Amino acid sequence: MNDSRNPMPASRTADPRNLPASGHAQIGVSVPNVTVRGPEVPRTIEALDPVFTVSGLSVFYGDYEAVRGVDMTIGNREITAMIGPSGCGKSTVLRCFNRMNDLIPGARAAGKILYHDEDLYGDHVDPIEVRRRIGMVFQKPNPFPKSIYDNIAYGPRVNGMKGKMDDIVEEALTKAALWDEVKDKIKQNALSLSGGQQQRLCIARAIAVKPDVILMDEPCSALDPIATTKIEDLMQELSRDYTIVIVTHNMQQAARVSDRTAFFTAEVDAEGVRHGRLVEFDETSRIFTNPSDKRTEDYITGRFG
Amino acid sequence: MNDSRNPMPASRTADPRNLPASGHAQIGVSVPNVTVRGPEVPRTIEALDPVFTVSGLSVFYGDYEAVRGVDMTIGNREITAMIGPSGCGKSTVLRCFNRMNDLIPGARAAGKILYHDEDLYGDHVDPIEVRRRIGMVFQKPNPFPKSIYDNIAYGPRVNGMKGKMDDIVEEALTKAALWDEVKDKIKQNALSLSGGQQQRLCIARAIAVKPDVILMDEPCSALDPIATTKIEDLMQELSRDYTIVIVTHNMQQAARVSDRTAFFTAEVDAEGVRHGRLVEFDETSRIFTNPSDKRTEDYITGRFG
Amino acid sequence: MAILSTPKSAVQLASRGRPLKEHLFRVALLASLAIALIFLAMLIVYVVEEGWPRLDSTLWENQPSIRRPETAGIQSGIFGTLWIIGLTALMALPTGILAAIYLEEYADKTKWYNRLIELNISNLAAVPSIVYGILGLGIIARWMQFGFTVMTGAMTISLLVLPIVIISAREAIRAVPPSIREGSLALGATQWQTIYRQVLPASIPGIATGSILALSRAIGEAAPFLMLGAATLVRFNPEGVWSNFSVLPLQIYSFITRPQEEFAVLAAAAIVILLAILLLMNSVAIWLRNRYQKRW
Amino acid sequence: MSAQHRTTASGASRSLARSRPRYGEVIVKVVLMAAALVSVATTVGIVFALLEPTIEFFGEISLGEFFGSTTWGPLFKPPAFGVWPIIVATLEITLIAIVVAVPLGLATAIYLSEYATPRVRKIFKPVLEVLAGVPTVVFGFFALTFVTPLLRDVFPFLELEAKNGLSAGLLVGVMIIPIVASLSEDSMAAVPNGLREGSYALGASKMLTSVRVVVPAAFSGIVAAIILAISRAAGETMIVAIAGGFKSVFTLYPGDEMATMAAFIAQAGSGDAPVGTIAYKTIFAVGSLLFIMTFAMNYVSARMVQKYREVYD
Amino acid sequence: GGDAKPGSSDSTSSAAAASGETQAAGGQLSGEIKVDGSSTVAPLTQAASELFGEEQPQVKVPVGTSGTGGGFEKFCAGETDISNASRPIKDEEKAACEAKGIKFTELTVATDALTVVVPKENDWATCLTTDQLKKMWEPAAEGKVKTWKDVDAKFPAEELKLYGPGTDSGTFDYFTDEINGEEGASRKDYSPSENDNDIVTGVAGAKGGLGYFGFTYFEENADKLKAVEIDSGSGCVAPSVEAAQGGKYTPLARPLFVYVSATAAKRPEVGAFLDYYAGNIGAIAKDAKFIPLNPEQEAKLKTDLTSLKSQG
């Protein structure tokens, strides 16, 4: 696998700065400890009670194979993080889990994803039903241009619920740690909320349809540190009831919140085409303390990306 | 200053994970040493031979004060890095250095920026002349949809040069470490180059007008690791002849390439409005080993952003 | 080359005499814009001045008359135009908006038939209106035997403005950010639920603006009616879709072709009315656009 | 509630199969597609309306006669079917219109896209829309009763006829200014800001940035705008019928009266050409020619846009 | 009429047919009478309809101006009830009517004197012979007869600028028939226009201009133009009401017609309209500034109408 890559990482190890001679001092940077969330009782992959079992997943956009041969398992009520440099296919894989990629013309998944024991791409499977079970939160908060109330009520409504749903709205907002902040302006337009509030609203919206899994694609990258902390706290809280898969570009975030981490990167094949690959998938603590792949180590130590 | 901020960082220090009780192990993450470029002979700010002297710079977009009260000094033929979380005003400050902000309707700078000894915002100053002296490279490579040759020749041409400029093109491309890769297809459309090549082309384009300073706004963030290394090497090379100011979101990159680092963050004032502030400005080695501000430390250790 | 090798210190940032050229260029650009606008102003002043003597209530209270051009009115034309516009709105707008939804939300652009539909629409937008007249005459009036009625006119004009409605509705729909669609679909909404509850409400102001502008094009059309041979001397208002009719632009055309000077004045006065209706519609469209323009 | 929900969602999950049938979705799609097909039906209708009489026409009049002679007068006796005079008149008027509209429209577009502040743009774009909405009879009236007399007074040496190609062409040009301006402006607005910044950062002035970067980058859109404007000009009927006249004589001098193809159709179509006569079929033959010309231009435009569109992302 | 389209038998007209019967005056009629055809005759029928409208405001008379030929086309397709014509119906048009089973009657409603006009400053052409006119207008003149001198050596070498009605006009048909010997045979390099106003401005604006149109338009514009006397072999005759009525203005005096569909004439509102038209033809012609019929012609009009209405 390493052959197809530029030898850079290797040469870097030999000579960390591959620079024209000019006096550069090697200065040790002491990075304070980072909290890593470990599973309460570490479970082996086999004992995971898997929600998703991915095997040999490749994703194509038209003829372009954006992601190649991914195998991974998402455990029930765990937080799984997907990290890696830009363009390595994190979002692409994530969007396979609720078949959002179906909506992109020309996008196509090969391989298998089992959801519990059902083939997610089976013939009888209705993607709309899939998305109802497997909620999603996006990078940029995307509240509907409606009231806060209607944003939350939207999911239940399109799923056939009629009438008032004050209880559902309150419950979802409470779970999303937003109720106290908005309970007095529930009829106000959701676009008037701050970015962090909007993102929690989107999480509340996802919760309101009572999903099984929540997928999050860089949910904090458009937020400030305070809002980020709130969302991270919320994720921890939610992981008691929900299975969560999160894509993040912030390694520290992955380290802080996740039980298990998947590290992706892009490899260039013989024809010079880049494909996203899963490099390493393990317990978060292992990935950050003792990665088994050189590239993982390079990435989490900031050598690239 | 700390008062206006949310107390989060403080509480974090007290209890690193502000989470509902669930067993999280503190796992020490050992981050390998990062090369930090120090000045060959460390110079004090006073001895810098300053190219820019910024004092009390505030930048407004309409009524919104995006950046408040920045003082800093950019040394001749040094690489100065600006880091900080998203939205803290790094790009805004950078774009003041060549008056690119003039082009945004409603944008306005208060305070003073001296370029050598001249007031950059003085009445007699022609922003077009400023930009000729102070080149800029952007986050997303932005080659013109013309041939590689014409991209390079564009700058000299708009500055009044006529006729053939093969020498200039070759020299600029060579300096930008691109000549060997493109010398056979110099008439080809620049958009056919890869992202990393495009970015080096943009650097070559900036060099071709023989500027004094090169400003770079996250020049590597759209690039893959290999292209990033090439650009970083190039920056080192260029810093022999040029003064370089670079904005980056990658702290490791700042640590690797810069002589001096400015750390910005956004502060929320009494009315709840966010303003970008310069928190700390010092030699890069100091910033990364011994920051004097708690927020700098939090940021470089990945606690937020 | 000399200018490029300035020393790096002790610089001088003053300008180098570019402003004059810059200035002239800017002035030339402004002049171009001004020419078009001055022209419009001249046109308006001219028709108001010409039509001034007849800009009174007799203009819309009276019917056209050969015998008394000095008191002839344009009531039948005003009503005919309103009928045509009303029916066109009923036929072209729903069809156009539905087609736009199909093309933006459903059509798989990789399928040949969808590309064909798109190419076809952009082509139809360029087809001369007189050719639509041929279509109306050959297919609607003669082959479908609808005769020379309000219905025939409205159907012809509907087909004529359909591409414009589709194009502008597509733009409005496209302006709704994909994140709204994704948000809805990710909640298990079906595609139509997403469109009906999110995309359409968000794009209605844009669609309305485009539709009004398309209809204002329909109001000014004369050529297709010329082909349809609509009667010019109509002294009654249409009573239904099978009624005979005339429209303002056609009446204006027929006034222009009359020998008496009074008809030229009448034509100018009728033009003022026509332009007033158009200005009104444009104003509504602009108001809508400014009022509801969404920024996500 | 939570407990109940959990039992359904975890472990042995419910089937992901459709919980209820959704015929509505299918019906909706069919209805929408049907609406989209109306436009196809329109084209079919046009072709259908044009085809039969056109074929009959060429059954009687050879292509050689149609394209091989320069005398036009299908309604006269003896009739003449050399189509060049009306083609040439169409081209002349279109050319005059383009000469007026392209510089003015392009300059207007550059001004609005590159120079005008958002407020100025917000005022001027609607005014251009008003200009675009002025009915062509109005332009025709203005050309006939104001512009031609004015030109005759100011430039007597032009020897303009009472109806002439020049006034008609000028006014057709004014009519298509908004098309050129607004579509070009759209495509200039679509040029990524990064290109402008790149140019400014090299010390280019606004003028150079506009002319050397923005306009070339928006080239495909500008070409499409111009081609659409050309087909509008070529097919314009009322202005040329009112101010250009119906004299179908081969002439290259724009001061002469001249009949364009559209004017011929309007003249013959609104008058006596009994169904089935050769004169009647001529209307359709000329209509077909006009249709094919616009079709061809649109095709060329689509190809140009495809070929020259720069993909920036 | 041969109703082809679904809308033509609209409720108003059938209701009128049921209730109306023969009350010419007194009872209120309603319905729509579709008229199309000659733009020359249109003002006359229009004037009739405007005057008739004062008595029967519920009867609608849309008058189209598709030209004589265009009018017959619709008339014989059953699309109109009355067709204005500035020339008699042609054989092929008759055949078309027969094919559709449309019976009709021709009514002569006025007289016209086709008037040849030149600008006031033209001081050489006071009287032209029909041969001189032919020399100007015949197909062979195209591209050859360019100046007045080419017409007659006595005339100055002023550029000859010709204006006339378009080919779809009955006036054109009549003029070409009488002057050039064949209907529709004309040089093509003149400025054709359905708009007589264009001919007025065209001729008035060119010193060597010449044009022709109906007498009415000349009278309207007598201040700008000069009418040429016509010599058809028996001396120069100026166009005038008397000359036209008296048959002296040859060959350019012509009758103007309306053609009425027999089926339509049975409809009470059509009948009433025609009665009104014929009964007040003098006043109508005066009002529309047409040359009225002479007494014999007027009498014939009335008999023709009576026989039309008595037809089965």
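We just call them A, B, C, D and E in the order they show up, numbering each chain from 1.
Heads up, the rule we're going with is that a residue touches a chain if its C-beta (ideal position, glycine included) is under 8 Å from a C-beta of that chain, and two chains touch if they have at least 3 such contacts.
Each chain and its UniProt protein: A, B = Phosphate import ATP-binding protein PstB; C = Phosphate transport system permease protein PstA; D = Phosphate transport system permease protein.
No experiment lies behind these values; they were computed from the predicted model shown.
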item: Both-way neighbours, i.e. chains that touch subunit C and touch subunit B; value: A, D
item: Graph distance between subunit A and subunit E, where chains that touch are linked; value: 2
item: Maximum centroid distance from subunit A, chain identifier (CA atoms); value: E
item: Most distant chain from subunit B, judged by the mean position of its C-alpha atoms; value: E
item: Chain pair whose interface holds the most contacting C-beta pairs; value: C-D
item: Where subunit A and subunit C are represented by their mean Cα positions, the distance between them in whole Å; value: 48
item: Chain centre separation (subunit A, subunit B; CA means) in Å; value: 29
item: Chain centre separation (subunit B, subunit E; CA means) in Å; value: 85
item: For subunit C paired with subunit D, centre-to-centre distance based on mean C-alpha positions, whole Å; value: 14
item: Per-residue overlap in subunit A, given as positions that touch at least 2 other chains; value: 128-129, 133
item: Multi-partner residues of subunit D (each touching 2 or more other chains); value: 22, 205, 270
item: Contacts with two or more other chains, residues of subunit C listed in rising order; value: 18, 190, 229, 256
item: Set of all touching chain pairs, with the criterion as stated earlier; value: A-B, A-C, A-D, B-C, B-D, C-D, C-E, D-E
item: Sites on subunit C touched by subunit B in the complex; value: 1, 3-6, 8-16, 18
item: Subunit A partner contacts - residues on subunit D that touch it in the complex; value: 1-2, 5-6, 9-13, 15-20, 22
item: For the subunit A and subunit B complex, residues of the former touching the latter; value: 6, 8-9, 12, 16-20, 22-38, 40, 85-87, 221-222, 224-226, 228-229, 233, 236-237, 240, 250-252, 255-256, 266, 274, 285, 288-289, 297-298, 300-305
item: Residue ranges of subunit D touching subunit B (in the complex, touch as defined); value: 117-118, 192, 194-205, 208, 212-213, 216-217, 310-312
item: Interfacial residue positions of subunit B with respect to subunit C in the complex; value: 115-118, 120, 122, 124-126, 128-130, 133, 156, 159-161, 209-210, 212
